[in-house]
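Chain naming follows the written order as A, B, C and D, and within any one chain the residues start at number 1.
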Amino acid sequence: MSLSLAEWAVLGALASGLLGLAADRYPVPVKFVCFTLLGLSGLGAVLGGGDALLHAVTAVQTLPLGLPWLHWHLRVDPLSGFFLVVIGIVTVAVSLYGPGYVREYEHGRQSTAALYLFTGLFVAAMQLVVIADDAFAFLVAWELMSLSSYFLVAYQHQHAANRRAAFLYLLMAEVGALAILLAFGVLAAFGGGFSFEAMRGAALTPVWASVAFALALFGFGMKAGLAPLHIWLPQAHPAAPSHISALMSGVMLKVAIYGLIRFVFDLLGGPRWDWGLVLLLAGSASALLGVLYALMQHDLKRLLAYHSVENVGIICMGLGLAMIFAGTGHPRLAVLGLVAALYHTLNHALFKGLLFLGAGAVLQRSHEGDLERMGGLIRRMPVTALFFLIGCISISALPPFNGFVSEWLTFQAALQAPALHSGVLRALIPVTAAVLALTGALAAACFVKVYGVAFLGRARSRHVRHAREVDLGMRAGQGLLAALCLVFGVLPTFTVQALEPIAHQLLGRGLPSASVQGWLWLTPVSPQTASYAAPLVLAGMFLFGGVMFALLNARRRTRAVRRTVPWTCGFGPLDARMQYTSTAFTHPIRRIFRPVWEVHEEVEETRDPAQPLRLTGLRYQLHIEDRSWRTLYEPLGRWVTAAARRVGKIQTGSVRTYLAYSLFTLLVLLWLVT
Amino acid sequence: MIALYLTLALPFAGALLLGLIGHRRVADRVSMAVSGATFAASAAVAVRVLRAGPLLSGGRMFYIDAFNVYLLVLTAFVGLTTAIFSRPYMAHEVRAGRVNARRMRLYHSMYQGFLFTMLLALSTNNLGILWIAMEGATLSTVLLVSLYRTPESVEAAWKYFILCGVGLAQALFGTVLLYFAAARVLPRDEALLWTALHAAAPALDPAVVALAFVFLLIGYGTKVGLVPLHNWLPDAHSEGPTPVSAILLGLLLNVALYAVVRMKMLVDPALGTPLAGHLMMGFGMLSFLVAVLFLHRQRDIKRLYSYSSIEHMGLMTFAFGVGGPLATFGALLHMTVHSLTKSSIFITAGHASHIAGTQRIERIRGLIRTQPAIGWGLLLGTAAIAGFPPFGVFTSEFLILIATMKAWPWLTPLLLLGLGIAFAGLFRHLHPMVYGERPAGQGPVAANMLPVVVQLALVLWLGLAIPGFLAHWFDQATHLISGVALSGSGL
Amino acid sequence: MTGLRGLDLTQQLILLLAALVLFTSFVMLAQSRLVGLVRVFAWQGVLLAVTTGLVAHVSGHAHLYISALLTLFLKGLLIPWILHRLVIRLGLERKREADANRTLVQLGGASLVIFSYYVALPAVQLSTLFTRNTIAVSLAVVLLGLLLMIVRRKAVSQVVGFMSMENGLFFAAVVATYGMPMVVELGIAFDVLVAAILFGVVFLQIRASIDSLDVDRLNRLNESEP
Amino acid sequence: MSWALALMQTALFVAGAPLLAGWIKRVKCRLQNRRAPPVTQPYRDLVRLFRKELLLPEESSWLFRAAPYVIFGAMVLAAAVVPLVALRLPTAEIADVIVLVGFFALARFFQALAGMDIGTAFGGMGASREMTIASLAEPALLMAVFTLAMSAGTTDLSVAIERILGSGLVIRPSFVFAFFGLLLVAIAETGRIPVDNPATHLELTMIHEAMVLEYSGRHLALIEWASQIKFMIYAVLITNIFLPWGIAMGFGAGALALGAAAVTVKLAALAALLAVSETLLAKMRLFSVPQFLGFAYLLCLLGMLSHVILEVGG
């Protein structure tokens, strides 16, 4: 039932892709058929995955594909079910949003066929990754996912930046995939087979297990965008069309998380606490770096991409905690960490998808990706603005929306550190928790900036001033995700219960304490330790705020509220350039955390030659670069080029030299064999 | 039996015929027809072998087993597709005045002659004939490499001729040594028959056989393009007409590697030591690593892809050297998918250079916007050769990597490094060629994309699922070469 | 190895010829004028043919007589004639080519001979034919031919080197193993012939493209320039 | 019963907040030899503001109008969670201390957005500074909270206080650090001297005021009130966590009365202390605030570590 649904979902996505090839002949019908199929595929994924998750189904099947002695194994279990649901939800939203969004590509010189084809392949590949049950099928699906998304990143290839981004993306995807392949290779070597079933039985020596873990962490971390392997992410995600960015940021990163969980918790047979520590530290690092870099961006989609790095970091912190607890024999707490991580996975898919869709809407209507030129959109695009606000609140982890719940759970997991024996861990974990707190606060600051600069205040450019609200489908796509953000924020108890089968599958126990006091109260560890009644919080907010509103606005219906010019120290009329820009907004933070970025700042003063004291013009330039680029990636590139140059010298072009090579080789080999 | 003789006779007759009428307009159609017939005949042979197992012809001159039957078919097939491709391509060259009718006659005749030598080398049972066929392959293509008579092409032809000639001379010396060793345990007239030698291999004298293998490895390795004997390869492939490059890359290298492996199969039981395997691993790894670095500094599109061929031949040689069912199976599969992919890449690359009017990479721009079929063909082909699923190259590389992981774990980082660098080297040049705006005054050209489509489709098919009979052959060949069948070893 | 005492006259003659063939290789290394080079090459061919004949006489393999004639015709007459024609036609007969340090090359050649003897030892132990250690000689001839190709810059002399490599091979085939099966012999002979003709053609092409036969000027296709 | 009590306590909290503010003003004036306004002055201000006409800046959107209610709602909700007079009230279970911090963050979020909505330089400036300071203060606050939570084994305030009470009078080094850390954070978060001066209207120095510059009438009243509540929450947190004695464990009238009295005394004392410090200190430059908060963060970290190392051992 669930597996067949999942397979139908894959087929649906494939069909949508293949049908897309006809887009040049019948643009409009093909468009709608494609997105309908995509939506159905998403729906199928949600249903199939949901069935597997809620009823803890495990179904396996073998397809006559692949190598003759290694057919493709498929399998649906609660874990893959959960990720199917995640994929499905965002896919549905995208399929609602897409038809409106691709309109701007229809009249470009680019045929939309490629767009539809690779979108379908992309979704199908992601769904296939999570239901693959042997290394070969997994890798095929995985690479297909990378490849198709690469073509989508390169879709608008008339811009050189996109081409560079696509190249970098595919290169790093390839390297990561090779690492994953090796990780599977280790397991296969010990387990004597490529099917996950055989790998589960592999009895690894600790050293080889750690090697496998390191390879997997490298490979999946590169895809998930863990710092400092994140470098491709902020370049590739903005380059793709926005609904694809939503899929990549919202879902593809999650598929990498899935791979990590599947590999460490399932195949590798039980995590170890030191791996968990590594993951925890890596997670904290990329959470903090991600948000700090995001703060300095003024390209909306780039900024969102950096926030993906941050959120992946948070997810990995949860996983790391789970591994530490599991490795030190506290399964109950391990479950808590795992649930927190999975919950945040779901949430990030929702709000990051929502935010990218919103960014796409703005981009389509105002043709502006740069915050510095936006402003006042809340009046031009009220609905999009509302949904985007919900996204901002959720990602800033503010109650009562969903982002808060998962971070709260992560905190709760971290606060259980005293249960550990090792004093080092006990001291270290709370510190990482504080890092998480810092991250959350900075994220809030960042999204105040985004929303304030983009949607509030006055428009900073003509296009933005004349932007119009997007069409119904696009609004529906955003609305769906926004609604889910609220639902999963207000009903955490059910969500946690729904996640329990996964915990049972991976760690052998659930989280019974979470709902001992009924659906209203979320009490992850015990009612005594911590409790959170999200529905009551929502109700309370409405109660107190609403009561006040009612009290205060009951009278005075008669006279309309007067509007006046705000106070500007008496300088003439207010204009848009008086507002704080995004660069200005983050200036204090830039001063405080200066060493983190590579900041190039220069001020050019032009003075009146007649009287040198008079300043006629002032030009301010600010470039902020990613440090890891300079310190890690450029040296690598230089090394390869240098090596290539050196090797090139052997090919002199003189045939006599070549003959000498031949003679020399001959002599050496003869000498070797005798 | 008849089918086999036909497979050999058709291209030979074709060579003679086209030597007479090659300058006529119908020549290209005749060439296509002959190649098609050859392909059909080879397919018949394949069916025969599939039904009745290995086929040893009367007089034991020819021997077809699981190892060379699919190479036979593959060779005939690539010969056919390339012939199809060469029709519009050479027509364009004639129009452009780069070749005249006389040279077209040479071209067509030699094309068939080359196919004949390839098929002969594959199907013969006699190591001496094998050598003769290999030499014949060189001789028949030298003048094709220098067909354009540009200084570069002549230079390339010279290097090709001299280096391969010297190499093959060494191979002949190896053959003589082998004969010298075999003549003591076998009757003189059998001493060069591969079947007899294979049967008597354990009795051969190790020392002499080791010597012989060195000469054979260097000799045929020169044709495989193993570093440091590879220097002729990029020149010959970049300067000749593209169809010639396509068949040289797609077929000649395979056949040379086939010869090396055949020798290894003789040497291993004779020596009882993994010497041959280790030598091949060393050469393979060296070629692989050096070639991937070369990729980065290319300025000529066909040179670029010839270096990628060196890389892949190195990988296969390495895999055969590793031995064992996994690696051998992977290498056999890799031979197939590589020649399919690479020849289709050369087809598109040829058209691309026609579009831009040059082979210089920095002048080839905006292919997708100019002629989507060619742009996408090149892009997908390169993605396939770079080892992206669902294309078959991924499957073979997967097997090879896993096998290396099992046998020589500390060599895998080198392989990974190489694959990464190779990927970067290919795509850094590919991106500006296929993407971007279409340059002013650049228009589409007449092209027949059927071969590309068919070949890439085949590669895709092999990536998704390997058909039973092919898998069966691969498995038998694996059993022949490595002594263990993959199906038995259990995946 | 047992001394020469055990061998009869013809066998001793064969060994002498082997020595002579080796000697001609050295002479080629020393010979700097193309015409002279070709001439020495012709002599090598003739010696080869004579050797083959003698071996045929000793071993009583009839087909070796054929290959002896073949050798005489091809290596002794035809190919040298073709090369000579080419040299004349390309107007190179007066040319002396200045190559690398003569004595150094000779020393290198000598060390190659020693090396090939060292390499061929196992084969020597194996064989019971009286001509066994001629393998070392033929290997030396092959290597010397290769050396010649490396040190000479004129295309013609490279071809001569190549052909003398072939001679070495042929010498090995004949003397060490009393010749290969007939079909192979014929095939090889055919290939050599075709090769010789093709060389001629390529010469003309080279000449046409860079109007010289200096192979060092054939270096446009390289990777070393930035 | 208990719910009624909880609501009453919340009401008391909300009603008492202005009083605390008035008390501080009064003490300060005394210390600075000025004529002090009556303690009830804040109430009068609020009432006057509620009466006054509402003016909106021309460019402002619905968010500008909604913000005051969200802020006020969040603050009252936060107030409902904090045990003022009695423990074991059901409202305390709605949210633990982390959620409390979340409420503050929510209020701040909307405050800052409202500041940016009007499209003047001041709004942006205030928002930027507020978010900067908050992003440094919040982790410090959470560190202090974590110290408490880990030593009490819970993040639920009333349970924590109960356990601290139960453990009797023990001097915990971690608490000493956490106390001072929390104090500094509270000063920064509630915009008191030396971080911010609630009384100033000099544009370049203001932080909190800059955001609410355009608010008037009932909106302004709500915001002022909310900030008074916030201040009181911090005060109550500090007093009831670190010196919980006197708080009512049961719902008996006597216990409640005692609790009320106790908390009043404690708050008055704390407020006086604050007033003294505000009189002695001067407002610091904006960019020395990070050092100030860094110090607070350090204190909280030390508290945490000393808890882990000295008190748990291992």
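In this text, a contact is a pair of C-beta atoms (placed from the backbone, for glycine too) under 8 Å apart; a residue touches a chain by one contact, two chains touch by 3 or more.
None of these values were measured; they are calculated from a predicted model.
Undergrad: Looking at mean CA positions, which chain is nearest the middle of everything shown?
TA: Per-chain C-alpha centroids ranked by distance to the global centroid put A first.
Undergrad: Would you mind telling me which chain pair, B-C or A-C, is linked by more contacting C-beta pairs?
TA: Most C-beta pairs in contact, of the two: B-C.
Undergrad: Specify the chain most distant from subunit A by Cα centroid.
TA: C
Undergrad: Taking the mean of the CA coordinates per chain, how far is subunit B from subunit D in Å?
TA: Each chain's C-alpha centroid was found; their separation is 78 Å.
Undergrad: Taking each chain's centre as the mean of its CA atoms, how far is subunit B from subunit C in angstrom?
TA: 31
Undergrad: Subunit A to subunit C: how many Å between their CA centres?
TA: Here the centre of subunit C sits 70 Å away from the centre of subunit A.
Undergrad: Between subunit C and subunit D, what is the separation of their C-alpha centroids in Å?
TA: 101
Undergrad: Residues of subunit A touching 2+ other chains?
TA: Residues 645, 648, 650-651, 655, 659, 662, 666, 670, 674.
Undergrad: Which subunit C residues touch at least two other chains?
TA: 119, 122, 146, 149, 158, 215, 218-221, 223
Undergrad: Pull out all the chain pairs that touch, please.
TA: Pairs of chains that touch one another: A-B, A-C, A-D, B-C.
Undergrad: So in the complex, which bits of subunit B are touching subunit A?
TA: Contacts found on subunit B: 158-159, 162-163, 166-167, 170, 207, 210-211, 213-215, 217-218, 222, 228-229, 231-232, 275, 279, 290, 293-297, 368-369, 372, 383, 386-390, 394-395, 398-399, 401-402, 405-406, 412, 416, 419-421, 423-425, 427-428, 431-432, 435-437, 463-466, 468, 471, 475, 486-487, 490-491.
Undergrad: Residue numbers of subunit B touching subunit C in their complex, please.
TA: 126, 128-129, 131-132, 135-136, 139, 142-143, 146, 149-152, 154-159, 161-162, 165-166, 169-170, 172-173, 176-177, 179-181, 183-184, 188-189, 191-192, 205, 207-208, 211, 234-235, 238-239, 294, 297
Undergrad: Subunit C touches which residues of subunit A in the complex?
TA: 645, 648-656, 659-660, 662-663, 666-667, 670-671, 674
Undergrad: For subunit A, which residues count as touching subunit D in their complex?
TA: These residues of subunit A touch subunit D: 375-376, 378-379, 389, 393, 396-399, 404, 408, 411-412, 415, 417-418, 421-423, 426-427, 430-431, 433-435, 437-438, 440-442, 444-445, 447-449, 451-453, 456-458, 521, 527-533, 536-537, 540-546, 548-549, 552, 561-569, 574, 576, 578-580, 584-589, 591-592.
Undergrad: In the complex of these two chains, what residues of subunit A are touching subunit B?
TA: Checking each residue of subunit A against subunit B gives 64-70, 109, 111, 136, 139-140, 143-144, 146-147, 154, 157-158, 160, 163, 166-167, 170-171, 174-175, 178-179, 181-182, 185-186, 188-189, 192-194, 640-641, 643-645, 647-648, 650-651, 655, 658-659, 661-662, 665-666, 669-670, 672-674.
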